[in-house]
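Each of the two complexes below includes chain A, the first together with chain B, the second together with chain C.
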Partner chain A sequence: MTIDSTALTQAPLAGPTPKSMLPKVGLRLPRSPKVIAGLALLAPFAVVAVIGRWISPYSPNATDPQHWVQHVLVPGTGPGTGITANYYPLPLPPSAEHWLGTTVFAQDVLSQVLTSTQATLFVGLIAAVIATVLSILFGVTAGYFGGNADEVLSLISNVFLAIPGLPLLIVLADYVPSAGSSILLVAFIIAVTAWAYSSRVLRAQTLSLRNRDFVEAARVTGEGRFRIILAEILPNLVPIVAASFLFTTLYAIYAYVAISFLGLGGSPTSSPPGLWNWGEMLREGFANNAIRGGWWWWWAPPGLCVALLGTGLALVNFGIDEFINPRLRVAGLTRKAAKKAGITSHATLGMTPVVGNRPAVPSLAARSQNVGDAVLEIHGLSVDYGYGDDAVHAVVDCDLVLRRGRVLGLAGESGSGKSTLALAAIRLLRSPAVITGGQVLFHSKPIGGDGPRGTIDMLASDKEELRSVRWSEISVVLQSSMNALNPVITIGAQFDDLLRVHRPKLSRSARVERSGELLDMVGINADRLRSYPHELSGGMRQRAMIAIALALEPQVMILDEPTTALDVVTQREILEELIGLRDRLGFAALFITHDLSLLVELADEIAVMYAGRLMERAPAASLFNAPRLPYTHGLIHCFPPMHGKRERMQGIPGSPPDLNDLPKGCAFHPRCAWAMEQCRHDVPQLAPVNGSAREVACWLHRGDAKVPAELARPDPGVAEVHA
Partner chain B sequence: MSTETPVLEGRDLTRYFWVKQGRGPLARSVPVHAVDRVSVRLDAGKVTALVGESGAGKTTVARLLAKIIKPDEGQVLLNGRPAPRGRPRSYSSQVQMVFQDPFASLNPVHRIRHHLVRPLEIHHMAGGNVDAAVAELLRRVALNPPENFTGKFPHELSGGQRQRVAIARALAVRPRVLIADEPVSMLDVSIRLGVLNLLAELRDEERLAILYVTHDIASARYLADTIVVMYAGQLVESAPSATLTDSPAHPYTQLLLSAAPDPDRVTPPHLEGRGAPPSLSAPPSGCRFHPRCPFVMDICKREVPPSIAVSPGHVAACWLHVDPAERGGGENGVLATPSASMENEIKR
Partner chain C sequence: MSAVLRRLLVYFLAAWVAITVSFLLPRVVPGNPVAGAVARASQSGNCNAQCVIAVEEQLGFNVHTSLWDQYVQYMGNLAHGNLGQSWSENAPVSNLILSYLPWTLGLLVVSTTISFFGGTALGIWMAWRRGSWFEWVLPAATFFQALPYFFLALVLVLIFGQTGTMLKWFPSLFGYDIYVVDPGPNWPYITSVLSHAILPAATVVLSSIAGFILSMRNQMVTTMDEDFVLVAAAKGLPTRTVIWYAARNALLPVVSNFTIAISLVVAGQILVEIVFNYPGIGFHLFDALSKLDYSLVQGIFVVITLVVLGANLLADVAYVLIDPRARQAA
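== the complex of A and B ==
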């Protein structure tokens, strides 16, 4: 076959938002108030660290003999005691000459603070640099090479991790008496006690990156090991390295202050002289009764410095955390946006908020249509993610009716809003989802048990009402729900819990019997009640979830891609099971999938969604064999047939739309082969096609537009009726 | 099937993975027989599809052929000669791989250009003008105009576009073999055909030998010239694609086909051989499919079935296709004609 795939791609229309929200590039800190406050706190320290020594008015060691004010007479000395007078020097409070006063030795406190800040910060930074380099060397190498290298390196870092940091530090500092005089030496000693933790974190991260596809792909390209580590792995570790760098800086500063406070940093006046630092200042102050003497100007400045710097670093660290963990970031943003839009959203689990002033929608009954067998009516439902201007309109003005004992299929591409529509209808979505319009009516006629009767307005219901309806009357099976089983409790116990809560009248033995029956119903041997979830295959767990969903004999089942993660054979078995159960129990099912070819075999009626709107709705066979909508037509021709001649097929050109930037008019028009001028401006509404049971939202079927032959095939459903 | 030397061939590839069972001091390592004596050949200008359920060992075979992992037994032949040890650049310049997940196979911190420039540089393919070579690659995978893409980061592209970039990266070294591990299964249905058509185009125009790994038998039928079916780490059947889907000879292939969604089907399918694939740390004796097989015979439980040529180019590993006289004695329940029972299986 000759193939031209050129038509299939267009310039990037910024595709759908990627599911994995990996950090983008390098470090772009979010401009959150926390980070700004943190940076503002750190800025003066940074300045002082650079120029501190040069702006200090005096030398930190210089005593000012003129101000050796001999004030306090030591008791028991002096005139009349026979002992020569002993005076004790008193530090001076802040004055114009000494802005922060003096120490008891008449040294200028401000000068000491400035000099100390410089040394403390340098030790902190250098220690953090050394520790970070060590942790990268050990962690990344261990993680990437694995095997023996990993065992040896991990052993080393574990040993360091196991030794408590501060005692080791004290021992080391004690053994190297001259350490205090050299910034580098102190920093190195601190770094040795600090690198192991980040090394472990980096090793774990590298381990997970090592087998990532992009690293494997680089290997397949023939890239060498060191380039892979440097160019492919390390850039992905930047946020983590940055966070651990900040953390280590903080630790190193505290550690330095601590050892100096204990007198292990070397005194600045001994030989070789130690460095002035906050710990040393605090030590001298405390040793000379600064607190008891009320000489706050001596001990408060270094103490305040330690506290402020710690706060600043911690705030920036928070910012990095938010940056690494997008969920934290999104939560923050939406809360702000909600406030701005004047909505108070409580993050109540399973209570999708509803906007107060929704436009009224006439119900089926009001429109004098047949409500007889309708269980769930959805009218004009609209759902947004987010609030105000940055809201994403994920579902717009959708109508669906579920009827007793029937399967309604909902098809569409990924991101078209299928799950949003279904889950919003029963208000299971959590914030930032918000229902902005429409009505959902549940006509309850309980099959078993004693659920509520009559019509329930789902969007006006309170928590209690919703709770009484969900699970027992409307149940849900999600695509990944096989992972929703509690891993530490047996299947039987999970059934038992559910039955005990919702069917309190059942005795224990009756509950066990019923649980066995349920498992049996989905084709699992009742012995399996004693199994833990991990002892079952994925298919069996998914069946167990379906059994749990059926346990209370619901009237409606919402199946959101219940079999997509499973193999075809398992999928087929589960579907057979479901259809059998539907025939026996008579629940209504909403079956969501992107696999149209599967729906045709399964559903009575199919609705097709595109970019948040329902675009076509028809009996299954009619929809598949005689589609009216260009998109449906394209979608059907995306599934190669299992029989007949192998022919080249086209698929649908272009890529799925971006909900943040929808094309004007019919959202499908950039990809539609039959798009007309009108399609570019006006949104087509769902409406019946010349009186038949099917509805379509397409300008081709309005007015006197010429319908192309592909979209005017005779309707098989109609033919049957006549036959 | 051609008699030329295949570009890439795996002979009797076998690979175990050792996994820990149990916890703490009681843990012991048991081998998982992930791939057991699998032979596949990839010919120039042909697509070979590797089909099977999850866990059948498809990815392992692909990784063995790409020499990302080493086989425990068996060998890989490139152009008829045993492939060099390790994974030298001479090998990566001929055999390239495309991964399943386009969201994961491009490094999120690098621009598209980086992904294409690196293979060009490593293999000295650019010939002076790197930018022109990059643009040419992007054009070949129909990402037009190339300037719009080179400066983008992977997250700025759609899934289909990303998978095209991954294919372009594989093509950069002008390989003769492309191993594509489920290249479309993570993509939206509406854009899958575009990528499949691109692969077909590369096969026809560049005479690439392509291994297309998939669990979707309909797409294998659409794209591939030959389909190879795997079950529990072993090959069970291989045939030209239309032959395989129209008249499958192995009971497992029949099961797969009857379970696949098929809108043309008028009556619901009847599944023969329900159940799940066996544990690979203790695979069943004889034919690994025997615990599920509707046609199981005594010999199936005892002895591994031989590969039998059912028709030219159509091979199935099943005792049903061995002359009853040669099966060895003590055997009952012989099916008159396996193909007659198959007819019921596949309703068209």
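== the complex of A and C ==
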């Protein structure tokens, strides 16, 4: 009887999961198979709880003397005890007359089970109602008012939580002799021992809600405290309250069954009569040697009823958990679906599966001969979330070439697929992502260390081959350094694990020295090796992450919005540092951002993504000063430049498209000021503009379409590229 | 107030509340609990004249001192380790509990350790191999989790117990073979104790492991979505290191919820001991209840509370050891 619910054991939610690309958010609670299975289990019990009395074939107390065929001696009576011999009938196994057999008192077991359902369920429900009300009163008040009220109320609930529930319940029930005869009284006593846990959870959740914008807003507009609690806080607690209600129902049923099993619920045949419930049936069976006698039909049905009811409640609770915590839901990939898609390897972290029968990329050999200074080549890469008809096409047919020592910027709004593209290339996307097509080649010429040389086909690589290039040749810096550093080990240990695995020859002291050097390189004192991530500021953490990323002198660094979470000043410092490091160490960088103005200063070349497709690709200066794509034009004009004259911001009307429901034709056409008829029907492909080195996927630049003046500015970078 | 002091205050208050409740209840419950208790007891033929006097004294009935004086005396006695006299066993309650406690603690420590570490390991594995054949454990675990401990005990006795009717593999009554072996440091006694512990321990492990599996699995699934786990994989660290990084973080909420887990395990074990007539405090609590030996009931309740508080304190220490943030707050 251990009950668990992540909804209740989790840290309070800090808003919607950031940055996660959850393609299927529409999964509602009742549609979850777990909830349906749970409700299906619970429904019969609910019905029987109401009508059980009337559908039971016999009275639960009635004995059936006609069937007293064989008799057993009551222990402690008969010859040698001085007490007149007393006999029980032998209980009858299940038969047509008694579907679940009879007890040793010749009572009908089925009738007892049916009658017992009522008290058992009602005690559970009523206790849960009382406990939930108590926990809301204590938890929400403590969480909302804070200060001394919180101190006192939290102390009370923590004290109640620390006292073991069942023993307290036993003592309480034992001293209240008539408890067993009143559903309300039993339920109340159980509730007293059960409310504390939910109260603690609700307090934590209220605390985090209290400071949210919508609550602040209500407070500023002068709404009363209780109105805020009722109108703003409670509605947001509904899933948690529901989870804790089910949890408490379950607990209360167990508790009631347990104290009845101990004989504290009162016997239905004594005075005052206790109520028939499953625990009482189990007690009678156990006390009358039903185990020794092998009369399983007597005690097994009530026990199984508890277990089935408990399973039903737990399943519904799982559904609520998945509703509250979407991470539990996106399991996505069943084995069957994977097999169908031709994926043999299992989807584990760091091994994004690749569809076996993905379309071959043409003219690979020709390309490979012209590798030139390319270090990472991505050809025709496509990525889906999920399999089959439900799959969301997050990245479609993308080509990118990262050149040695250069910075390639990858820009787009959130959800455009830019991170997906980059992480897919190095097989780091999580389930349910699947690489459905394309090829990724890594041309390795290690700068330092002893990494592999030559061309590595990333999508065909096995785990060991991937591991040999990971970090030593390709490292990654993610957006939020708070989450990218392991919170429970020191910064030093996060250098050390890396060096120990990839540079096994280094001694311990050499590793520490190297880690210190690296921190020093990004302007952090080597003392900080002993610090934990939470002891550093956001900027310092990101610097430390960059230092870790440089530890093995990689040829490629993938920077996934490395400065987005930082303030502008820190952002600038870190970017300047990155430029300096790049010049000094000569790594190539794939820099992902939604802020085009950042890239102008940093990148050699920029690619723009929209709705999973590459839409424009050009040298940085060309793209920024003379965009050819309406979308790029919009992006540039929605961020103020860090330097330069003030300009009027325009932004892009509308919002990023839903990948589940992309418009036909060019995905951008609904938001495009210059959309033509053709844009609504045909998807434009990336192609050179007027024979220059830059490419754009836009019908405005094809055929005899008239190019708007905004998209036809003179290109400052073309000459440079041709030279 | 530092976090440590705060926790200690909670435990201190919890112990005080438990003690006070068990003192106060029989004295303030409306009606005449003594008459009711005696009536119930004589109905079952368990209460003789000596019992009636003892019960009256225990419940502060016919005792002509004020409630406060009784309380002061009760607390004073407790402070000296004096939990009163058990009339049914005719021995000091504290001595009796000391003789019951090793059985309970032994069973509790062994089965909780197996269950916690085994369940956590399985939960980690399930989260890591999500979507594999291993997922079938999920519904099975849910069902096992929903089985009341004592019902599972009854099923195991029926199937495997020597007092059952089927396989009769393991002893299923008492803590050792009371008719054959002499308690003491001799081999037959030790093997007898061990073989008698198999079924009770199996019951506690089977009933409690599902909870640990499910909570660790869910926490692990949630933690594996964190960036630092992805970074660990990107760093090319061996798979076991990546798993360990996620697991150590996922463990934090599991450990901090050990409070409720251990309460439930203790509650379950009380009932399991009753089914097996296992001579720990749970079985004797049941026995004392039926004999209306209130001083023994109160004593056992206080001791169970202290055991659970002790386990909580251990969990707090473990938490501080694995979470540097808590270490600094402490």
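Heads up, the rule we're going with is that the second predicted complex is superposed on the first by the 570 of 723 C-alpha atoms of A that agree within 3 Å, B and C clash if a C-alpha of one lies under 4 Å from a C-alpha of the other, contacts with A are read in each partner's own complex, and residues count from 1 in each chain.
Here is the rule we go by: contacts are C-beta pairs under 8 Å (C-beta built on N, C-alpha and C of every residue); 3 or more make two chains touch, one makes a residue touch a chain.
Source: prediction; values computed, not measured.
Once the two complexes are overlaid on the shared chain, A:595 sits against chain B while remaining clear of chain C. Of the two partner chains placed around the shared chain by superposition, chain B is the only one that A:220 touches, whereas chain C remains out of contact. In the superposition on chain A, A:634 makes contact with chain B only, while chain C stays out of contact range.
In the superposed model, A:488 lies in contact with chain C only, and not with chain B.
By the touch criterion stated above, A:584 is placed in contact with neither chain B nor chain C. In the superposition on chain A, A:311 contacts chain C only, with no contact to chain B. Between chain B and chain C, it is C that contacts the larger number of residues in chain A. Once chain A of one complex is fitted onto chain A of the other, the partner contacts of A:572 are limited to chain B, with no touch recorded for chain C. When both complexes are aligned on chain A by C-alpha atoms, chain A residues 1-4, 6, 9, 11, 20 touch chain B in the first and chain C in the second.
Against chain A, in their complex, chain C makes its touches with residues 9-11, 13-14, 17-18, 21-22, 25-26, 29, 31, 33, 36-37, 40, 43, 128-133, 142-143, 145-151, 154-155, 157-158, 161, 163-166, 207-208, 210-212, 214-215, 218-219, 221-222, 224-239, 241-242, 245, 248-249, 252-254, 257, 259-261, 263-268, 270-271, 274-275, 285-286, 289-290, 297-298, 300-301, 304-305, 308-309, 312, 322-325.
By the touch criterion stated above, chain A contacts chain B in their complex at residues 1-6, 8-9, 11-16, 18-20, 22-26, 212-214, 216-223, 231-232, 235-236, 238, 413-414, 537, 539-540, 567-573, 576, 594-598, 600-601, 624, 634-635, 638-643, 646, 648-653, 655-656.
By the touch criterion given at the top, residues 53-54, 66, 68, 87, 89, 92-93, 96-97, 99-101, 103-110, 118-119, 122-123, 142-145, 148-149, 152-153, 155-161, 164, 166, 169-170, 172-173, 188-194, 197-198, 200-201, 204, 215, 217-219, 221-222, 241-242, 245-246, 255-265, 268-269, 271, 273-274, 276, 348 of chain B touch chain A in their complex.
Against chain C, the residues of chain A that register as touching in their complex are 1-4, 6, 9-11, 17, 20, 155, 158-168, 170-172, 174-178, 197, 250, 254, 257-258, 261-264, 270, 282, 286, 291-294, 296, 299-300, 303, 306-311, 313-315, 318, 321, 325, 327-328, 331-335, 338, 346-350, 426, 428, 430-431, 463, 466-472, 475-476, 478-480, 483-490, 497-498, 501-502, 532, 534, 548.
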